[in-house]
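One structure is given below, represented as C-alpha cells, and several questions about it will come after.
Chains: A, B, C and D, in written order; residue numbering restarts at 1 for each.
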Amino acid sequence: MNSPGRHQRGTDEFSRVVNFSDALFAIAMTLLVVGIEVPDLSDSDSVGELADVLNDDLGSFVSFAISFAVIGRYWLAHHGFFGRLAAVDRGLIGLNLIYLMFVAFLPFPSGLLGNYFENPLSIVVYAVAVAAVSGMEVVMFRHAQRGALFEVEVPDEVFRWGVRLSVSPVIFFLLSIPIAFVSTSLAVASWFLGFPYQAVENRRKPEHADDYL
Amino acid sequence: MNSPGRHQRGTDEFSRVVNFSDALFAIAMTLLVVGIEVPDLSDSDSVGELADVLNDDLGSFVSFAISFAVIGRYWLAHHGFFGRLAAVDRGLIGLNLIYLMFVAFLPFPSGLLGNYFENPLSIVVYAVAVAAVSGMEVVMFRHAQRGALFEVEVPDEVFRWGVRLSVSPVIFFLLSIPIAFVSTSLAVASWFLGFPYQAVENRRKPEHADDYL
Amino acid sequence: MNSPGRHQRGTDEFSRVVNFSDALFAIAMTLLVVGIEVPDLSDSDSVGELADVLNDDLGSFVSFAISFAVIGRYWLAHHGFFGRLAAVDRGLIGLNLIYLMFVAFLPFPSGLLGNYFENPLSIVVYAVAVAAVSGMEVVMFRHAQRGALFEVEVPDEVFRWGVRLSVSPVIFFLLSIPIAFVSTSLAVASWFLGFPYQAVENRRKPEHADDYL
Amino acid sequence: MNSPGRHQRGTDEFSRVVNFSDALFAIAMTLLVVGIEVPDLSDSDSVGELADVLNDDLGSFVSFAISFAVIGRYWLAHHGFFGRLAAVDRGLIGLNLIYLMFVAFLPFPSGLLGNYFENPLSIVVYAVAVAAVSGMEVVMFRHAQRGALFEVEVPDEVFRWGVRLSVSPVIFFLLSIPIAFVSTSLAVASWFLGFPYQAVENRRKPEHADDYL
C-alpha cells in the first residue's frame, strides 16, 4: 500500500509529523506559565504583601498544574498512539493538525480558569475545550483503524473497548458543565471521576488488549 | 553533484533545516493564542459579564482559527515540498529563512485581525503578510526545480501547473484588499474562493502530476 | 526485556521523549527573556532616562543569567542521564513529565526574583521551585537504576555517590531559605556553595565512577 | 579518541545538542514578533488611526526584520559549523549553552531597538548583545580546532582566516557604539559594512578554504 500522501514509519515525513506535534505540545505546556503574571507590589520588599499576592494567585498555580497534567496526559496518549502506527496518510496528518489546534488553544481556557476559578463559565469553556481534544483523539483513532495504519490490526472487540475508553473523558467533561452552575469546585472534582471509571473499564478489558493498545 | 553547501536527504544537515522549520511553525501557531488576552472582570464570579467579554472576543477566536488553518496549510505544503526534495543547497536554506520570517510574523497581523476585524486596514495587512508567504513558496519551488533538487525531475508541464496553483493564493489575497474597503466580511469570505478555484485547476491537472507533486 | 511501555534506545518512541524534553527546555530558557519588559520612557530619545531604567532592570538581567545557567545545568544533567539509558519505560516517561512541569514553571519564580530581588519570599519561592527540579532528578535516577534501564548497570557504591551528588542541590537550596530572611544577597550567594561542595565530593568519588555516570 | 563526554556525530547525544540549539533559535526568532504590540485604537474601525499607529510601529517592523536576519545568519553559521564537526565534547556543549544564552537574550535588545530606534543607548545595548554572540562563535570555533573536533583538520592558514572573518562582526558592532551618539541611523547603517568587508576578505581567502569552512 503506497498511495500518495502515505508515509511509512522510518521516513523523514513520518518523523516530521511527530516532531512537529512534540514541539507544539511542548510550547503549549510551557506557555501555561506565561498566564501567571508576576505581581505588582506597592512595597517591593514586603514579605507580607508578596505572600498575599501569591495567595491570590493560588487559582493560577492550581490551574497551571491541572492544565500541565491534562496536556501531559494527551501527549502520553499521542506518544502511545503514534508508537503503534505503521504509517500516516494525508487524512491523519490533517486530523492531527485540527487536534493540535485544540491543544494550542488550551492555554487560553487555562488562563481563564486560573483567574476566574469560581466563575461557572470558566469551567464551561475549559470543559468544552478539553472535550474537543478528547473528541479529536477518538476521530484519529477511528481513522487509523479504518485506513489500516496500525502496525498490528486491532481486533474489533479491542477497538470498540479502546473507543469507549477514549470517549469517556468527553462525556465526563461535558457532564461537568451543568455541575459548574451549582459549584465550580464540585465540577473540577468531577473531572477526576475518570480515574475510578478507567479502573472499572480496565476490569472489563478484552483479553490480549495490551498487545494492541 | 556534491557542490559545497549541498546536503543530501539523510544527512544531519538536511534534517536540521526541516526540524528548525518545524519548530518555528509550531511556535508561530501556538503564539496565536497569546494574542487572546484573558479579560479583566469587575465582578470575577459573574457569568453574564464573562459571557459579554467572551462575546466581544469572538473576533479573536475566529482569527485564531483562521490563522491556525492558514499556517497549518503552509506547514502541510512545506511538508509535501521537502518530502519531494533529494537535497537542499545554500540558496534554498536562505530562501527558507526568508519564508520563515514571514511565517514568524503572522501572529502580529493575526492579532490585528482579531482585535479590529471590521477595520479594512487589518485585512490589508493580513492579506499582504499571507501573500508574502505564498510568494516565497513559489520562489522556493522554482529554485528547487532549477537547482535540480527534486528527487524526481518535475516535467515542465507539471511544473507550470504547480506554479499556477501556488501563485493563486497570492492573487486571491491581494484581490481581497480593494474588497476590504467595501466590506471586511466580504474580503475575508473571498479568501475562501481559493477552494473552488483549486477544484477547477484540479480538473485541468496534467496526467501523472500526482507522481511529482 | 520487552515489557509493554518499554522503548529501547534507537526507537522513534525513545527519541520522542528526548526531543519533547529538549523543546520544553529550550522554550523555558527562551521565555526567561519575556520576563524582562521593554521599559516605557517619557522621553524616548533620552540616554539618561533609558540608562536609569536599565539600571533598575539590573535585577532582571542577573535573574535571567542565573536562571539560564540553572536550567542549562539541568539540561546538561538530563542530556548526560538519557545518554546512559538503554531504554525508557512508562514510569520514567511519567516521572520525566512531572520533572518537566517543574522546569516549565521556573520562568515564574525567575521573573519574581528579577522584580523583587530584595524580597525574601522571592528567594523562598525560587529555592523551593529549583529544589523540586533537583528532587525529581533524584527520583528519576533511582527509577532508572531499579528498573535496570541503564546501558551499563551502575554499581551500588557509585549509585549511592551519584544520589548524594544529585541530592546536594536540594539541600543547598532549602538551606538558603532561612538565610533569605537575614539577607537575600547572602541567600543567592549560598546557592554557589554547591561548587566547592562538588569539588570535595569529587575527591571522594569511587574508582571508575566516570565509566557509569 | 573516546574520552568521557565526547559524543561522535550520529549518536543521539550529538543530535540532541543540535536539536536543542535549533529549538532555541526558532523560539528566539519567533518571540521577536511578541515585541510588536497590537495597538489600542480609540475608534476601532478607523483606517486613518490604525495607519497612524502602524506608522509609529515602523521602528518595530524594521527591528523585527533586522533581528530576524541577524539571528538567521547566526543560525546559518551554527548550521555550517556543526555540519563540519565529527564530535562534540563536554567543553563545546557548555560553550554552546553560553552562546545560546546570548541568542536567547536578543529579543530584549531587539524590542528596545524597536521602541527607541533614535535612542543611542538602544543601539549600544543591541551592538553589545550581538557582539557577544559573535564573540562566543569565535570561542567555539577555537575550541573545536584545539580539541580536534572537526571531521577534517583545518590548516592553520585557513583557521586564522576563519577566525578573522568571525571576529569582524564583533569589531563592526563595537565600532558602531561611538557612532550611535552622533546618529543612530548611521550606527545601524554601519552594521552593514560587514558585507563589503567580507567581500574583500573573500578575495584574500586561502586556496582550498572552501574544503574546510
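The rule is short, and it goes like this: contacts are C-beta pairs under 8 Å (C-beta built on N, C-alpha and C of every residue); 3 or more make two chains touch, one makes a residue touch a chain.
None of these values were measured; they are calculated from a predicted model.
A rotation of 90 degrees, rounded to the nearest 5, superposes the Cα atoms of subunit A on subunit B. At the interface between subunit C and subunit D, under half of the residue numbers appear on both sides, which makes the contact a different-residue one. Of all chains, the one whose mean C-alpha position sits at the greatest distance from that of subunit A is D.
Put simply, the C-alpha centre of subunit B and that of subunit D have 26 angstrom between them.
In terms of their C-alpha centroids, the spacing between subunit B and subunit C amounts to 37 Å.
Distance from the subunit C centre to the subunit D centre is 26 Å, each centre being the mean of its Cα atoms.
Residue positions of subunit A touching 2 or more other chains, listed in rising order: 19, 23, 27, 31, 34.
Taken together, the subunit D residues at the contact with subunit B in this complex read 9, 15, 18-19, 22-23, 25-27, 29-34, 36, 38, 41, 44-47, 50-51, 54, 64-65, 68-69, 72, 75-76, 79, 82-83, 210. Residue ranges on subunit C touching subunit A, taken from their complex, read 4, 7, 12-13, 16-17, 19-20, 23-24, 27-28, 31, 34-35, 93-94, 97, 100-101, 104-105, 107-108, 111-112, 114-116, 118-122, 125, 181.
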